[in-house]
Each structure stands twice: as structure tokens, then as C-alpha cells.
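Next up: some structures, all given as C-alpha cells.
Consider the two complexes below, in which chain A is the common component and chain B and chain C are the respective partners.
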Partner chain A sequence: MSNRYAVGDRIRISARYAPGHVRTPFYVRGAVGHIERVLTEFLDPEREAFGINAGTETQLYRVRLDQSTLWPDYTGEPDDVLELEIYEHWLEPAPDSSHQENPS
Partner chain B sequence: MPVTPDHGPSREPALLIAHSPHDVGGQPEGPVNVSDHELTPFEKRCHALLNVLDVHKLVNTEEKRRGVEELGEVIIGTLGYYQRWAVSAAKILNEKGLVTTQELGRKMIEVRARLTAEDQ
Partner chain C sequence: MTHDHAHADPHAPIEADTSSDPDYFDVMVHALQELLVDKGLIGAGEVRAMLEVVDAAEPSRGAALIARAWTDPAFKQRLLANGSAAIEEFGIDNYDGTQLIVIEQTPEVHNLVVCTLCSCYPRPVLGLPPDWYKSRPYRARAVRDPRGLLREFGTDVPPEVAIRVHDSNANMRYLIMPMRPAGSESMSEAELATLITRDTMIGVTTAKLP
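The block that comes next holds the complex of A and B.
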């Protein structure tokens, strides 16, 4: 199984707002960061939540975001990061210059 | 759609619909209570029951979470963690036709009567 993303790739977490059971927190949608680690595949929780117990294996990644890009009023250390695990269908490629954009 | 980190409930319809009340990350709140909590007998039984329902593919973990999310802000904010699990399991089992509201209602009366008798 080939993964769409590799360690170090710049990514954007999709800013989608459909109703359903979603494991991507609201406050990171639209944020730009990079792939910290390629994990394994899990059943898609968005399907599992409606009783689909097989056949929806989806690649999971650990994503690293700069805290300062998430919170406009962030007062912590400038190199503080947030890592969280995101399914592949919630990721989009982001150009290298994207880290200069403020997702807020 | 605006791409904004979330800082509280939105009144914008699409955001309001998509933002389940359990997803509170980033919203203003007081200090987190990190004290240890010893599980009560009810909480242990509830945890065991949900594990059994998952193993037997009757209510999986994501269905249980969805059932909690669908309870709405007031119920989520009022019930305890395992109380939310119990209500969610009842909802999902009902959705699947495995338990009826009538059966559940009668059983609740039976259990309440037993617990009341034990208290006396």
C-alpha cells in the first residue's frame, strides 16, 4: 500500500464542515503543518460510526503544527508544536511557502 | 467557508451543524481537574458492557462516540462520562433494532424497583 504523503511533506488539514462523526478537531481545520510520522491503517471512523466494521482501511499520519500558527495570541515558546493524528482523507498538499500564511 | 481556528460556538449554520458539542478544543474554559477518580461499580460495569458490545460487533467504539455526540450540548454537559456511554449504547441498540424502547422502558422500571428495595 503506497501512502500519499511521506515524512516531512507540507500539508494542510482540510477545512470541511459536513455533519457526521469526525475525528478531526474543529480548531485544526485549515491549519498548515507537516507529516511527522507515517502510522498504519485503521478503519475509517467516519464509516465505523455508522456500523461499517470492515473494508474502509484508511492511512493515519502524525501531523506536526506550530502552536503559533494555530493561536493568533499564543504566548508560549516560538518553537512549541502540536502533534495530532489525522486520516489521509483530511490532508491536502501544501506548498513549501505555506508556512508563511496564517490560517486564521 | 472561513478557515478559522475555533474559539467558541458559531451561529453560522454549516459550522453549527458540523461542530459537535463534545469538540471543545480551543474554547475558553477554567482549569482542568486532574485529580484521580476511583471508578464506581456502575462505571466499571458500564465500561465492561461497552467492551462486550464492541467485541460482539453490536456497538463499536465509533458508534458509541457518535451516539454521545448526538446527545446535544445540554445532555453532554449534564451527564457523567459513563452515563453518556450508557445512553449512547441504548440509542445505538435501538437504532439497530436489537432493543426496543418498550423493552428498555420496562427494564428500567424493574431495575429501579430492585435498587429502591436494596436501599431500604
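The block that comes next holds the complex of A and C.
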């Protein structure tokens, strides 16, 4: 088993909108953050929902996102963060922060 | 539509609210259970026993874990390193197959738990979640406006303390370890446990003062 991402890696949560039993909440799709910790493998809930369990073990990560990147009008403090669990197939490598400052 | 048709129902209704018809999901759950029992895949007694396991869990279990951690640094280390393994020391049956992460409140970071997708909650250590935890306003505002939400719970988090929201959206469950309050130095483990309420372990408030 090899994990694609390690603690501290900058990642982007995929902005995909396929229907199904998806555990990636809408409000974080497309958000950029980093890996807070690497968890273990779990059955992929998207396939488990259709009774498919064999060979669907999927790596799970805890991802940390700055609240200010999630909500442009966030009224809390700059250090406020949110953490949640994301399966590997919902993660994409993100450019490091020096590039991130250029919104297209 | 009223429930007025006569049939020989071996399962007499015992719900507190029998004034309305069962909804789609009530019917589906009962039909599925009856099929599984009829086919001999599970026994009716197993269903009853599982409900008893679920109902036996209550916040006092979590409070006992935290009180031990406050008084036993080695246990605290084990609890923070691997919550699932540490609760086994207390004989707690982690019946739902999830894994427990215990997170410590600190003077720098205030932690708060929510499940935006549904009602995921560390049931083996806290029992069933309160209704407000499952409500849409709590689930939305915990991630969108945690400071405003906490103020409504009477918890003012100062600006120099960061908020860390934990969305319990997949396989892990979260138990918050509140900070041990000042003035509790001479209290016994059992006395300390009375300071640790359900809400402190969700992160919407802090430990009671002695």
C-alpha cells in the first residue's frame, strides 16, 4: 500500500458533481488546503452503496482548510481552520502557496 | 391516511408517538428487519441486544475517560495517540466499527465537532447525539460561523484563540478533551468527572468550574 499524499502536502479537493453516495461535502469541493494526517484505508462508500466491497479499500486523509478560503466573507479570525476526512480519489495535487496567490 | 385496517400484528406498537402513520423509511426498516429474521440471517434477539448496547452508552463514559486522562499522564498520551485502543482499557465496546480520535482543547485552539452530512457522533463513548447536533442549523453554522454559533451556546472564544472545526464526515469519530479547570487540583478522578459534560466533549462549551 502506498499513499499518494503525505502530511503537509498541499492538495485541492476535486470539484466533481457526480451523483451517488458521496462523502465529500459540497462546501469543500474545489478548496485548497493541506494533509493534516494520513489515516488508514476504508471501503469506498461510493461503491459500498451499491454493494461492492471487494477490492475497494481506499486511503483516507484528514485535510485542513483555512476558513477564509472556504468562505470569502468569513467573519472569524485568520487562524480559524476546518478539518475533515477526504478519500484519496477526491484529492488532487495543488500548486504550492507561492503560486496560489494568483487568482485567475 | 389513517392506520385503520385490521391485521394480526405480532409486534404491538410501542412507540411513544403513535398518532401518525409510519413514514417511508420506518416501513422500509421494519420490512428489512422482518425479512432478515424470516430468512434466519439474524435473530430478533440480536436486534434487541444491539439496541441495548446502543442505549447503554451515555456521556458519563466519555467523562470517565477524560477524568482519567486529566489525572494519569500516561493514559492521556495513549488516549490522544489512539482513542480506539485506549477506550478498550475501559471495556468500552466500539460497536459501530468506527475509529476514535481524541482532540485536546488548548489555550491556543478551541475545537468543535459537527457532522455536516448527517449525525456521525462518537456513540460508544457519548451515547446518542442530542437533537440539536443533528439539526440543519447546527450542521450548517458550525462550519460557516462557528464563533457566532458558540456565542449562542454561551461560549465566547477570544480572538487570540483559533477555532478548529472537525467535520465528522466519514469513518472517524471525534471526542473533545476539555481543559482541566483551575481550582480542580485537589479533586479526585470521580469528582473531576462531574465537571465534564456531554457538551464539553462536543466542544460547544468548556468544563464546569469546581
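What we mean here is this: the second predicted complex is superposed on the first by the 97 of 104 C-alpha atoms of A that agree within 3 Å, B and C clash if a C-alpha of one lies under 4 Å from a C-alpha of the other, contacts with A are read in each partner's own complex, and residues count from 1 in each chain.
Just so we're on the same page, a residue touches a chain if its C-beta (ideal position, glycine included) is under 8 Å from a C-beta of that chain, and two chains touch if they have at least 3 such contacts.
Computed from a prediction, not measured in an experiment: that's the story for all the values here.
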Could you say whether A:Arg29 touches chain B, chain C, both of them, or neither, answering first, second, both or neither?
first
On the A-aligned overlay, A:Pro45 touches which partner chain: chain B = first, chain C = second, or both, or neither?
both
Counting only touches as set out at the top, which of chain B and chain C does A:Tyr87 meet: first, second, both, neither?
second
Which of the two partners, first being chain B and second being chain C, lies in contact with A:Asp79: first, second, both, or neither?
second
Chain B versus chain C as contact partner of A:Gly55, first or second or both or neither
neither
Tell me the contact category for A:His21 with respect to chain B and chain C: first, second, both or neither.
first
Between chain B (first) and chain C (second), which, if any, makes contact with A:Gly8: first, second, both or neither?
neither
Touching both chain B and chain C, residues of chain A:
25, 27, 45, 70-71
The answer for chain A against chain B in the complex is residues 15, 17-22, 25-31, 45, 48-51, 53, 70-72, 103-104
Touching chain A in the complex: which residues of chain B?
1, 3-7, 14-15, 17-20, 23, 25-26, 57, 60-63, 65-66, 69, 96
Of all residues in chain A, which touch chain C in the complex?
23-25, 27, 39-40, 42, 45, 60, 62, 67, 70-71, 75-77, 79-87
Touching residues on chain C, where the partner in the complex is chain A
99, 116-117, 143-148, 159, 162-172
